[in-house]
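Dumping the structure here so I can ask a few things about it.
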Amino acid sequence: MTAAASPAGAGGVVVAERCSKWYGHVLGVSDVSWTLSGGIVGLLGPNGAGKSTLIKMMAGLLQPSRGALTVYGANPFHDPEVRRRIGYAPEHDQTWDELSALELVTAMARLSGVAASRADRAARDALDQVGMTSAMYRRVRGFSKGMRQRTKLATAIAHDPDFLLLDEPLTGVDPMARIDIVARIKQLGDAGKTVVVSSHVLYEIEALTSDILVIYRGQVLAEGNVYEIRQLIDRHPHRIRVECDRPHAVAAVLAGDDHVARISFERGALVVETRDPDRCYDRIAGAVLDAGVAVTALSSPDNNLGAVFEYLTGDGGRR
Amino acid sequence: MSAGQIHDLGYKRYVGSRRSMGTRWRVIMRHQITSAWAGWWRFKLWLIAALLTTTSVSAVMYFMHDRRLKMLGGIGGQVVKIADGLVPLSAMFYCKVGFIVSLTISATVVAGDLQSGAFTFYFARSVRPVDYVIGKLAGLAVLLAVIMAAGPIVLAGVRLGLSENLDELIDLLPILAKQLAVGAVGTVIYAAIPLGFSALSTSRRNALAIWAAYYVMIGSMASGLAFVTWPALAAIDLPASLQAISLHLFDQQFPGRANVPISAALISVLGHTAAAIAAVVWRIRRAQQTGVGGAS
Amino acid sequence: MTGLFELDGLTKRYGAITALDQVTAAVDGRIIGLLGPNGAGKSTLLKCLLGLLPYQGQARVLGLEAATDGAEIRDRVGYMPEQESFLSGMSAVELCTYAGELSGLPRSEAMQRAHAALYYAGLEEKRYQPVDGYSTGMKQRVKLAQALVHDPEILFLDEPTNGLDPQSREEMLALIVELPVRRGCAIVLSTHLLPDVDRVCDRAVIMHRGAVRFSGSIDELRGARGRDSELAVAVKADAARLAEALTAAGAICRVSSPIALEVDLPASATSQLVFATARTAGLQVRELAVRRESVEAAFLRVLGDDGALRAQGGVT
């Protein structure tokens, strides 16, 4: 995780205090308290959980119904100065297909407060930064999804904001463009910008950061480093998979240990669930060496974002 | 104790016959009719309006059949009685209902399908453009025929019923066929032509607006201009053309003013229809090529 | 036994642009990934295979030539599109029944199969409500069901997990994996999400600029099983020290992060060496696997390096 270089103000870049938002009867978010201090954070959650609501509140498009949400210490809904420090790339294309990429980004830059004399330069720089140098004069109408996503990213960074909100920036993008855009987002994070990325494709988030915020049923379910969150999920002991020629021999050693919750077998492998992974790894190494077992693979299948997310949301939000 | 059984709910491949390609249009036709029949405002309400029209015109014919109809005169200058005159004149009343049905159904067919992505649905299957066009036309024709042809034929029947004796009845029998012809032309006007307009836009609302604007505005402009220039110009106004054809078949005309010549009326109807079908075919062909597969 | 589809010199030009250039390939398998950057010609290929576009050369699906027997092919093949493809105002059941009838099934048969397909896709009571009100996940399920109604032998899926949240994505992928077994159809999966391909497909076809750059099994793509002596190892801490110790034992090591390293074992050594060396050095091995290229890395390798692409102004 990269630390933010820009001053975050008292408390953090974003501070949400008991913040709720509803639309008539429909609940957006409920009693959210969260502090974002910096770096790149992945925002996850099922559809309808409140991610877009939270992002729009951070972007200053919505006001909380109750509680407060401040960005750099100010209310983004009312304060145009702080909005200049925010760059928002929404999920849906709200582009004007008739314009060229350059015209579009220039217009959006001016709307974000860049002076008319500098807007063209700023737009060109932004488009260069996202790799659209050769295509910036073409009309948006003919763009592939990947080019649209790049253009959207350019509109979000053209006015050089400190805080970026990217809602599904990689949807529909082909593998080569994906690698490129991920690299550019990481560069922005390294340069000290704070970035919140929302996505449904978990390995995209994994490629960007280990810090996550999980929204579930309108509330913050989990936040922080994904591996530390994993440690906290007691309900699901750590799974360790050992692929070897004699799984039963290893199992025999482990079966006597009290940290082991369950041992199951697959063809050519055993999967052990343990409450003390540290001890378990040592015991496995011991068993392997003492019994002369040939190990072809050792892994922890659920020590990743996908499994963590499933454990968190699959149980209805219980630990 | 009897032996237990667990049934295999596994998947069974389809080994039955498949209907031949030539029957696809019928599926589309049936679909068009059932979807128009669902709910009240698309079709049923206007069917009631057409029934009311038929009833009231029949009533007038019955109670006043001997009086003279001043609006119309025979081609040779003869006097026309109400009962005789209302039969061809009724086309005007049904045109109103037909126009509304064209608004609620015909003029949004292709545009609506374009908007909702239906062509991806259709052309991912073994549906050919011709199946779609014929199926839609047939479906719309059935719906419009109920409005534009059934009513007029009933009126012809009422007229026959008002005959004084068998000889008159036999003499008048051809009016059934004439009303059928008028009904057929009316069906074409409110089924095929708005279908063509629905192919002109990718948005339902725009297609509807273009059709309504053309029918109402261009139609009345043409009629207006026709008063001061050539009567044939009024043929652009589709209900005027239908009326002209109807009157011509019954050897009647509007005395004291210029009537739309029959040739102009026929050319107008045929011309509009041909242009409409061409528009639809063009749009469907394009949709077939671009609809499936999306952008590469 | 004819394969799924065969292409022989398939060429398609739009004016000056060549979308498909003399493509020749014979594709067979259970679940095949169709991959390639934007503009590679995937959707043009699909349209040609379904008989929706005229082309030069030959394209045969299930033994039928697409240009002449396109309609019959579409009776035997299902397509799940990426974009919206509904008729407004219809419920899922009505839509799937209509789909079945349009593929030539008699009405009652179509309705029965529509319900069965919707059960498979996981759509329960909602099936009687108009599709317009469905969530993204439900719409994807309906799209899958309507492609299955007429008992296709091949199913073309275009970005089936688009817009789905993580749980729905898992469910959709699980459905896809089971299709060949439970419904006896082969699958051609077109997607940009390469880890999905890794998980679900057994073969892959990679296209680029109108040509097929690779056609074969996933194993071939990544380079077989990889040699057993080339390992990727992760430790709890201090990878550098393990690397030192292993080098002293005759292995070749490359440290890639404070906790990860690549190990090339010396001849006749096994993974036992890694465990033994770690134990002696007081370190804990947490991960060990034979090094294999990820599908993503293999994909990029097949396509050639980025630089060449960029130089030709190829922003995608």
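Labels A, B and C are assigned to the chains in the order they are written; within every chain, residues are numbered from 1.
We take it that a contact is a pair of C-beta atoms (placed from the backbone, for glycine too) under 8 Å apart; a residue touches a chain by one contact, two chains touch by 3 or more.
Predicted model only: the values in this text are computed from it and were never measured.
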item: Least step count from subunit B to subunit C, where 1 means the two chains touch; value: 1
item: Chain of greatest Cα-centre distance to subunit A; value: B
item: Most central chain, Cα average position; value: C
item: Whole-Å separation of chain centres (CA-atom averages), subunit B against subunit C; value: 49
item: Between subunit A and subunit B, centroid-to-centroid distance (C-alpha), Å; value: 57
item: Distance from subunit C to subunit A - Cα centre to Cα centre, in angstrom; value: 24
item: Contacts with 2+ other chains: residues of subunit A; value: 144-145
item: Junction residues of subunit B - those touching two or more other chains; value: 295
item: Touching two or more other chains - residue numbers and ranges from subunit C; value: 38-39
item: Sites on subunit B touched by subunit C in the complex; value: 10-11, 13-14, 16-21, 23-24, 27-28, 31, 35, 38, 112-113, 116-118, 120-128, 288-289, 292-296
item: Residue ranges of subunit C in contact with subunit A within the complex; value: 35-39, 135-137, 159, 162-170, 192-195, 228, 236, 270-272, 275-276, 278-279, 284-290, 296, 299-300, 303, 306, 309, 313, 315-316
item: Subunit C residues touching subunit B - in the complex, by the definition given at the top; value: 19, 38-44, 46-47, 50, 52-53, 71-72, 74-75, 78-79, 81-90, 95, 98-99, 101-106, 109, 113, 116, 146-147, 150-151, 158, 182-184
item: Subunit A residues within the subunit C interface of the complex; value: 44-48, 131-132, 134-135, 144-147, 150, 171-180, 200-203, 278, 281-282, 285-286, 288-289, 292, 294-300, 306, 309-310, 313-314
